[in-house]
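In the two complexes that follow, chain A is the common piece, with chain B as its partner first and chain C second.
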Partner chain A sequence: MSNKKIGDVILDVQNISLRFGGVKALTDISFDVREHEIRAIIGPNGAGKSSMLNCINGVYQPQEGSITFRGRTFRGMNSRQVAEMGIARTFQNLALFKGMSVIDNIMTGRNLRMKSNILLQALRIGPAQREEEAHREFVEHIIDFLEIQAHRKTPVGQLPYGLQKRVDLGRALAMEPQVLLLDEPMAGMNLEEKQDMSRFILDVNDEFGTTIVLIEHDMGVVMDISDRVVVLDYGKKIGDGTPDEVRSNEEVISAYLGTSH
Partner chain B sequence: MGFFLEALIGGLMAGMLYSLVALGFVLIFKASGVFNFAQGAMVLFAALAMARFAEWLPQWLGLESKLLANLLAFAIATVLMFALAWLIERLVLRYLVNQEAATLLMATLGISYFLDGLGQSLFGSNVYQIDVGMPKDPLFLFESVFEGGVLINQEDIIAAVIAACLVAALSVFFQKTGTGRALRAVADDHQAAQSIGIPLNRIWVIVWCVAGITALVAGIIWGSKLGVQFSLTTVALRALPVVILGGLTSVPGAIIGGLIIGVGEKLSEIYLGPYVGGGIEIWFAYVLALVFLLFRPQGLFGEKIIDRV
Partner chain C sequence: MQSTFPRLLLEHARQRPDAPAMREKEYGIWQTTSWRAMAELVEAIACGLHQAGLRRGEHLVVIGANRPRLYAAMMAAQALGAIPVPLYQDAVAGECVYPINNAEVRFAVVEDQEQVDKMLEIREQCPQLGHVFYDDPRGLRNYDQPGLASLDTLVAGGQAFTREHPGFFREEIDKARPDDVAAMFFTSGTTGNPKGVVHTHHTLIDRATVGSRFDKLTERDEVLAYLPPAWIGQNIFSYAQWLVTGYVVNCPESGATVSIDMKEVGPTYYFAPPRVFEGLLTSVMIRMEDAGTVKRKMFHAFMNVARRVGPAMMDGKPVRLLDRIVYGIGNLLVYGPLRNSLGLSRVRVAYTAGEAIGPDLFTFYRSIGINLKQLYGSTETAVFVCLQPDHEARADTVGVPCEGVEIRLSDSGEILVKSPGLLKEYYKNPQATEEVLGADGWYHTSDAGFIDKDGHLKIIDRVKDVGRIRGGAHDGAMFAPKYVENKLKFFSHIKEAVAFGDGREKVCVMINIDFEAVGNWAERRNLPYAGYTDLAQKPEVYELIKDCVEKVNADLSRDELLAGSQISRFLVLHKELDADDGELTRTNKVRRGFIGEKYAVLVDALYGGKDEQFIETQVKFEDGRTGSVSATLKIMDAKTYLPIKAAA
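Then we have the complex of A and B:
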């Protein structure tokens, strides 16, 4: 793989168990994520991948276990607080602001960084104007990066699916996160779109040094771009290691070949 | 011709007032996806606070100036509406994040009954006057064009100007500020908005504050025309067809919807009334709304809902 520098553990997930009533979504899951790496979580349908991501993102509160981010253990935090700490995410079933333009959608990602007060914003004076311009410049940079210049004013609801996925990624990038959680970024895409998305993920990782945790259903693509892979099945961890190690893991093979595929 | 113009202008002015109330609905719906049934109760509550404090303050403080008393009462009523917004978020909405729209609707229905009761037990349930010193004398315009000219209420003109200013300010707020952008984001998707760090709770307080101010302005204008009384809450029912017509998500829609209904009511009463026995004014708006629901459910300017299946 590339010769980027992988740092220390930035996100540490320990013994997470999550239940919904009698249904065990996750049982005793532990893994860590190192700075600057691309870490994939894979598994068949219903393996608990999205639940795992939602625990890290603060949408679900696991009954047991702890998650430590840059030395801070968080418990009972909601997704806004998690966002404030520097963790951004994208959604499996697009959750874009459909009525708003591409630019406005990505600008919302800058919300946490807006400092000037609302009156100054409305009147567009002094520091507020400069701040808006600075944020706008950053957003334009992201738009160039994701190659969606031609659509910047289009309401996102009107864009094709593949492009909406890019806008979703752009909005998360606008937060300048330290860790980016991607929930099935390639779901429902054709081969070409998948290749584009893989390239963007690698570039984000490379250029911005963002640590990436991504969930994927499809093993093929993930194996090519990830540094390390966690495999879940029925809420349990059945494998963890480099793509090659995972590929030759007996349990993983039977989970994938023996059941759904 | 002069008579037609008079009816038209009268309708436009009445429509402007419907628009003001409708605006409150649209604001909260736009920003939180909640259809706020309590908007009418908020109008009554705000108007009652304004009327009563304007009456009480001169007695308590021995104020001579009517203007000062009105300004103070306005300030107090504003603060009350802000406190109300904060309390509603704190005690009701906070627990309903990510819930079904129907749940939130029922919650606002509850708030509406509560506010009706609270307003009247705090401020009394008689008919009160709001007198903010708007000139009441009618004006005659176009006297050189038509015989007898066109009669217009000065009060109506001032109300229209105030409403227009309010709408302009709100448009700037929604379209041009970062906070406005955050409001629109929350309206589209709670979950996504939270995940990018938009504080849902604060946004809700802000939008209820804005809706509270709109209610106060509407309450003052309606109140000074008709007197402040319980029937003000039914004004909100008049605003329902307006939002259906204009589209629940559109600020300009609320304005134009209000104008269409105001004018439609007046003109149909005058020109169709004799044939169907009058009383059109009472049902005109609702029938129009029904027709719209059948043929254009998203309203004139609303966003068309396309579901991916």
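Then we have the complex of A and C:
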């Protein structure tokens, strides 16, 4: 993974501020994400990490600032439009369809790419059938990639948490995104599951060249897999740089470990 | 009818080009390779390897799970007169160094990134290993080490070569003689370096043919290849017998999907070591306990019928009409669906071997209509030495000598074998070869056993472990510790047992209870306990174990030869025997000598007639800290029985 090519800026976040009534969730945040890199956003609880991700994702509309993706600035876009531009995400609290099988869950990620209308799909007529087979084949490659062949037909609700997280990632990958937003991909996992997930994140980045923006609590994991890190605290950016730079940043240390005054 | 493996392949490709040879599940679909496609693939790989510089008589290692292209690589090597050496895919890098250097291996064909990493790791120790080809390119995009290439590029190069030299492949195959070396298998070896067991085309094909003829295997049979290909058993079932009979070998999607794939394929010929059968049974029992009342009651009721009637029906013995009818209903409602959910509904012949199988376990499978049998053999004998005929399967024997095999017992009770399938030699190890293969051509198995009155071979123990009782009522009787321990371990409440008696006047054992099983048993009886040590010393538990011991004694007393091995006294240990404390080997076998020394006070107490004994033991915890466990252990007498003379 040494000779990875990090490209130009693909996603540019400028002076974002987000308020809920009088509560300032984000204040004047700016950072950029380069193509093919793994970019982490870290910070203590309530620092505004998920809010930041929700802004990029189109769930929240920030009051100030702009977000530019591949030269297109999106103001007032909803999450569907963002998804159509090629930005996929996973969720901290897993928004999977618990009663549906692994295959069906990942298939939902192909939804935006399905051309035939709902009636043809329901009746499985000609083109709809062919289209479904093509999408199913793509989904099978994801299943193979994430090594979940044994659970293909298992209802997601019956799977252990670590595997559900993997299915969540699979569904996001099914969109063939250019940028993948991961909201705490390792939360609640044991050490082995964390190692597996780290490997998959690196593999996605390496094999498909997908740009990854991730939020994570586990400092060890973040420092190991990220190319660059943004640190937030109380809705403000307090650090930005390579893991080594961030690690030696005084402000970051005091935010995480506290300082003696 | 002597042949070589590559010739068998060409024969199948000529006679049935479009019939399936192998299937592998990938991307959710069973992908079939026909015999023609297989022959073409082998030709391409062989030509590619030739171009890369693989020469006649040279070794090539193959490391990976069961995958069609890895088996093709083995055939390709054989086509060139080179010798495939399969190694275990779960071995750590360091364990691969010795075989690779021992056989001066320059070429490796491996499955994936994991195996490539191992090969790269040992490169410094194995400088001659110049070429590594991998099957699955995932994660290897950025590897640019010299000599590393994908199997795809090798195949492409080979195809180009074939176009220019169309006759090359066949000419090379025609050069091979049946007595040429076909393959080498490294035996794990508990002490010292592993030994390379050398087999020729003739030895392997002869045994594969005999085995296939014995069970009437045909090209219509289906096999699921899921055990490591480096183990000779898997190699016989999914390679030698595959090429001899031309049946279909199915490769599972991954290690985790074996049970699902098994259900989809429905193999007709199946092999599994006892622990796999045990695992399957446990999963069934757990699921049945969770099932609804009606289903559960129906299951237990019909399983009682099966236990009573099933084995007799399998053995072809007469059964009352009413029993037949009830069994038939059971088959419809319980046994059939159960076989189906285990993936065993189409099994015609199933084998188990490798270690002793408990009679309950063995009977369970036979009673639900699965033709489970035992066989006896080893790497050195190309597996087939003894096989159980269809109607003569028993839990405590390993069958009758199969075609071409002669069996003799040495003076020390060791089983000697003469067979066309014996190894040619241990690679570069004439001393070891001489130890097992005397000038007279008899192979020394180092197993002790005897032929029973029905002509079945019965294995007792390793020769070096078999002792003699000295003094007392059974002076001079044979003492087979592992035989006794195994009989105890067949009870679900007993996890481990250590038997002493060599050179002593009676047999005494130390027992480890199975914490989960006995814990469960205690909870159902409202018997409170504070932990392992406390539970182990409960008088109720002692009574439970005593019952098991006496059942074993009753069983032993029926066997003239082993009646002297009956257990006189026993105790239940206060801690679980553990590999971390040196009491078990890493493969969970008891280290009897070490335990005897470590617990010398307990041995003395057992033989000194005491009722209890205090002991304090150092234990190592998983995190490396040490602590001590102390307890006063009770010692109990068990009833022994007079030997029952076999009725003439």
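Here is the rule we go by: the second predicted complex is superposed on the first by the 256 of 261 C-alpha atoms of A that agree within 3 Å, B and C clash if a C-alpha of one lies under 4 Å from a C-alpha of the other, contacts with A are read in each partner's own complex, and residues count from 1 in each chain.
Keep this in mind: contacts are C-beta pairs under 8 Å (C-beta built on N, C-alpha and C of every residue); 3 or more make two chains touch, one makes a residue touch a chain.
Because the structure is predicted, anything quoted here is derived from the model rather than measured.
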| item | value |
| --- | --- |
| First (chain B), second (chain C), both or neither touched by A:R34 | neither |
| Chain B versus chain C as contact partner of A:K236, first or second or both or neither | neither |
| Which of chain B and chain C A:K24 touches, first, second, both or neither | neither |
| First, second, both or neither for A:R70, with chain B first and chain C second | neither |
| Partner chain in contact with A:H217 - chain B first, chain C second, else both or neither | neither |
| Which superposed partner A:S79 touches (first chain B, second chain C, both, neither) | first |
| Comparing the two partners chain B and chain C, which touches a greater set of residues in chain A | B |
| Contacts of A:G109 with chain B and chain C, given as first, second, both or neither | first |
| Which superposed partner A:R247 touches (first chain B, second chain C, both, neither) | neither |
| Residue numbers on chain C that touch chain A, as the complex places them | 26-29, 138-139, 141-142, 253-254, 256-257, 260 |
| In the complex with chain B, residue positions of chain A that touch it | 57, 59, 78-80, 82-84, 88-89, 91, 95-100, 104-105, 107-112, 114, 118, 121-122, 124, 132, 157, 171-172, 174-175 |
| List of chain A residues in touch with chain C within their complex | 1-4, 136-137, 140-141, 143-145, 147, 149-150, 152, 203, 206-207 |
| For the chain B and chain A complex, residues of the former touching the latter | 172-173, 176-179, 181-182, 184-185, 187-189, 191-200, 249, 303, 306 |
